[in-house]
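Below, chain A partners chain B and then partners chain C, in two separate complexes.
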Partner chain A sequence: MAKGKIPPEFLVERDDYKCVRCLACVRLCSYGANYYDENAKRVYTENRKCVGCHFCEAMCPTEAITVMRNPFEIKPLAHWTSEHLIDIMKQAETGGVLLTSMGNDRPYFSYFDRIVLNASQVTNPSIDPLREPMEVRTYLGRKQMKLDLEEDEEGRVLLKTEIAPQLKLEVPVMFSAMSYGSISLNAMLSLAEAAKTVGTYFNTGEGGLPKELKRYGSNMIVQVASGRFGVNVDYLNAGSAVEIKIGQGAKPGIGGHLPGEKVTEAISETRMIPVGTDALSPAPHHDIYSIEDLRQLIYAIKEATRYEKPVGVKIAAVHNVAPIAAGMVRAGADYIVIDGIRGGTGAAPKVTRDHVGIPIEFAVAVVDQRLREEGIRHMASVVVAGGIRNSADVIKAIALGADAVYIGTAALVALGCHLCQRCYLGKCNWGIATQDPKLTKRLNPEIGARRLVNLLRAWEHEIKEILGGMGINAIESLRGNRDMLRGVGLHEYELKLLGIKPAGEAW
Partner chain B sequence: MIGVRKILIREEYCMGCKLCEINCVAAQVGTENLIKIFRYVPELPEPKVIVEEHDYITFALQCRNCYDASCLKACMTGAMHRDPRTGAITVNEEKCVGCWMCVMVCPFGVVKRNVKKKKVASKCDLCAERGSPACVEGCPNEALVLIEVRE
Partner chain C sequence: MVGIDAKGWHYRELNETIWKAVGEGENEIIVENVCGQRYIGAGLKRKVKILLNGVPGNDLGAFMDGPEIVVYGNCQDGVGNTMNSGKIVIHGCAGDILGYSMRGGQIYVKGHAGYRVGIHMKAYKERYPVIVVGGFVRDFLGEYMAGGLILILGLERDEDGNVTGDFVGTGMHGGEIFVRGPVEERKLGKEVKIFEPTIDDMNRVTPYVKEFCDLFGYNFEEVMSEKFVLLKPYTHRPYGRLYAY
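Then we have the complex of A and B:
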């Protein structure tokens, strides 16, 4: 048969009248899509090479470039969409697993968008956050069931109970685990500096700790994943907490894969693997085959860190998430992270990313419910990750039972990411998901940190504003407060699982 | 002592887009509208900032306004002088006779010739008329920053 050509995904339209031939687009495209024709004295684009990252569009000084989706449609079929057909063509050509990056882009129902928030009217006063104090500080870690107090000879009241180590968050938003290797050092430095300025945490991911980040220890969570890259006792003690990663929302049930092209000298040093070799994380931790094994690892880490740091466990939201979470808490996790189906990644098989896992809204609701029913909710904090887009999502997640949220994609978007989903190629034009020195220098960590701080501050203001409207003056009072939520257009069983009432129903 | 304004080059953030060069040309022509310049200005001036490139190392270089400037010493007519207001070294075209000694002595190679007019053509004056340098303003990654140095 004749082999069909796969049509380009994007069209780069260039207004030739506006083009001043500065050739910035030609110089900057890491995919080599733009080129200059000396004879014609014009800039052209090879549309086939364009990934739709919009970097040239952003850099063009005269706004001559428009990157748009190719309206190409093989035939407007509802079931067999162009995307499905093109995927089949690619696989018929290559015989391989389709790789992709970032979060799930399937049009799954967004429950966050079907939940509305409450506000105070007449019977209870709302609060103006600009005039009255508003508390959004959050502590993550094991809490005591009760506090024992004692009085000394002079009648002063002293705390007798020993408080477990806690993470102090000035905003209930942290930067989720993105490893050195999957993202550039400049991207990590931006996250670290922003976390330090705002008073929250960033996560090293599974790629070990580059020496440039050591000074951010007080705002850092170090991750231990199945590959155990760069894990040693100094690494475990370098941060403020240790997180054991069992699963990731984008790819539940499978391990990680950092392509050899991204393993440069510096990456090989932190990961402790040879230059240019693929960094493969196994699907399971080979020392964790049960909850008892998880307990052993948690306590091994607690021993190694002298019980001074909280130890968390991160899993992907899957069907059995509530009992698993309860097991993790009983195994000794000080905080647990639930990563929903929309969680992002640097590289994952498309089929896994798009079809495995459950939406985070359900996961957090059932986990919170289960932990409360078992009377162990205080034993661990719940952190929610996967597709948190704005402060409203943060508020809804917290009202559904989370203590704090992780943001990954939102943070990268603040750094310039346009979700072209090509992180796995390591040629990120924005200097984020790449190790090419020509590209990484495009991300100035000073600008990056500034933008991330702005984002967190903006969300903080909005959270305070909404809390004030609800008549609440502390984020503590919102946690698991599902009375503040109402569902619009949801089925009865969905409302039951989410633990919320339909819109229109009073208390 | 007066504060001297200097452009700080941060090689580690320069991505080599050369937009500084474009913005420099625009500032010399005196308009912000790049399309108009490209379309309707017959002879475009040379940019006074040049992006040096080698592999992934790129940086934009313009006059460093040296403390102990060779070009000032080499100039026989006094055309090359330090602007007392901004501290930047500026060329007075009326006095310039086109001996190009300044071009010869400049250790950075940032003084350019104007062959047609037989004058010194390109000498960054930190956009004295404009206020703040166009290359700094237009740099998308803050690889050029304006700093004030106290001597």
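Then we have the complex of A and C:
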């Protein structure tokens, strides 16, 4: 067995002078990594059990604990990194597919980090958002090519054109689809309450609707995926929009699989399947093998909801993303979501998460470009997701062509997540990716919501500052405004795909 | 009772008219000259009887919750897609993905049906979906099936004398499929096995066979005289050992 002995990824160091033997770390760790030795009267850690979530470190009242990376888990080689060696050991031991969680962290080039923003100097005035009006509200949904107006007897001008249903976003940031089951109810309540306070939307994900969330319908998007879990007419009508999930950035092209042991009483109720049965989401929707079929499901949902709600479609960013997106728009989607290679997940095979898909920066640029070329950009809004880390990423995504962004990982980090990437174990110490009542109660939805509201408000301020600096007073004037972007250290073909000029080149 | 002539109508016009009639409290709606209009009955929640003369289009009764639809003609794909409750009776044949992700209610097809019949059907508490097909079905019957009952009577065989196609019950992890007549082992997906139905099993099935015979005028004794086989998964966790943690 010694062959399969995997070296610890983390070392939990304890300053014995500071440790007061309160044993909080022993009680709190859901992985059982910390233990108290009665004889030695000391607290120790089984380093091998530590996942690096930093919960004990954060909770230690005397700051006696430091969780650090084991510097020499295995000989530090460049090509054969310890990650690769450990993965091989695990697979040689079990014969299984490697599971992981959260977003891709391979060192692919981050194009967001190679794009810089513009500001006004001399020739056009910048705007101070603290004293001048600045519009960051936006609407998602189908827009009309032209508006027909008519006058009534009293000479008032009335709108004759019927406007398609829209989602009203006070900030161009929404919370990504995260299902009940992948995250806890308290995490969902935090997202829901924050969305309501700020005036944006959260997304139920594909796991159905817990009854506690029904009252957040006006700030909720409900998702329909291939497993159709929890989907009935009431569900479709429960939110402000319906989103058909074709794929997600973390696992393009594959289905989902919630193991039976995770289908508890509460999960069974929202997914509408018996307790203990596996919840399998087939890789494709078997009623969708073409754009025409997608149109069929979009309109089945529109019929069932009497054309009162926008219907969106979410796909993972893959090589052919631009033509697919154009097809989705022509199929009748009111908004489309493109999820890039860094999109997060509750559980995915590592090989898929780390190697399938394309960076979101390219995806949004080519999708926006294609829709404009085809003259159909107004027919659907474009929402971008997958690794949006801060307000700068939001601005760059919008300037590359998005109407709004979805954030998932960033929202969870605001709730306490330290990206240990072990959501699939269901033992999240921070009470986010778990259903264990002892753990979920660690996440207070009121505090969670407050932290999320803080995050969105902070980003809103920053977005306004940047817009003001550019001399722009509305977020909608930034959409697809690639003149505001310049590339640093990018090849010509990359710049061409992104539709931006290199830094230093004037208008 | 209200009569509608759908000749030359777009589905939106037809469905709007049906919704209006249902909203006004009509209990029986007869539609003549149905020709390919999609989504008939989609999302309807009230107990209402809809009789269709002609061939309705795809997604008949999608997301439906309660109504009874009777079709005097053939149907296309996606009948009863994600249906919650209600009943669909087809005096003809049906297309692919019949009863996709259906959670409750019953679908009776007099003739044969296409590929992936009953895919991802699932039961939940009092919801128990049932599909009865009088003739044969194509490949991938009961794929990903998680609950409910599928009954294939094989009163009509395909061009090669088959009752089912290949890959029966692939990915199946719940529910039961009964087939009247033999099913070759080689046609099964790797998650299912053939069982001989017990008396209890047959008692579960006979009411639906009876209903089928009453609906379409078959002799119940005759239909029951041939042997049935029961196909069900032998594990609820087909993919339990797939992953390394």
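The criterion applied here is as follows: the second predicted complex is superposed on the first by the 502 of 507 C-alpha atoms of A that agree within 3 Å, B and C clash if a C-alpha of one lies under 4 Å from a C-alpha of the other, contacts with A are read in each partner's own complex, and residues count from 1 in each chain.
One rule holds for everything that comes next: a residue touches a chain if its C-beta (ideal position, glycine included) is under 8 Å from a C-beta of that chain, and two chains touch if they have at least 3 such contacts.
From a predicted model like this one, the values you see are computed outputs, not experimental measurements.
Partners chain B and chain C fit side by side in the overlay (superposition on chain A). After overlaying the two complexes on the shared chain, residue contacts for A:28 are found with chain B alone; chain C is out of touch. Of the two partner chains placed by the overlay, only chain C lies in contact with A:286; chain B stays clear of it.
Superposing both complexes on chain A places the Cα centres of chain B and chain C at an angle of 110° as seen from the Cα centre of chain A, in steps of 10. More residues of chain A are touched by C (comparison of chain B with chain C). Look at A:276: by the touch rule set out above, it reaches chain C but stays clear of chain B. Contacts of A:83 after superposition on the shared chain: neither chain B nor chain C is touched. Of the two partner chains placed by the overlay, neither chain B nor chain C lies in contact with A:308. Figure legend note: chain B and chain C, brought together by superposition on chain A, show a least Cα distance of 26 Å.
Counting contacts by the rule stated earlier, no residue of chain A appears in both its interface with chain B and its interface with chain C. By the touch criterion stated above, chain A contacts chain C in their complex at residues 90-91, 93-99, 226-228, 231-233, 236, 257, 259-260, 268, 272-274, 276-278, 280, 282, 286-287, 296-297, 299-301, 303-306, 349, 424-425. Listing the residues of chain C that touch chain A in their complex gives 11-12, 15, 19, 38-39, 42-43, 45, 58-59, 62-65, 77-78, 81-82, 84, 97, 100-101, 103, 116, 119-120, 122-124, 127, 143-144, 146-147, 171, 173-174, 236-245. Of all residues in chain A, those touching chain B in their complex are 17-18, 20-24, 27-28, 58-59, 61-62, 431, 436-438, 441-442, 444, 446-447. Of all the residues in chain B, the ones that touch chain A in their complex are 12-19, 21-23, 34-35, 37-39, 55-56, 138, 140-143.
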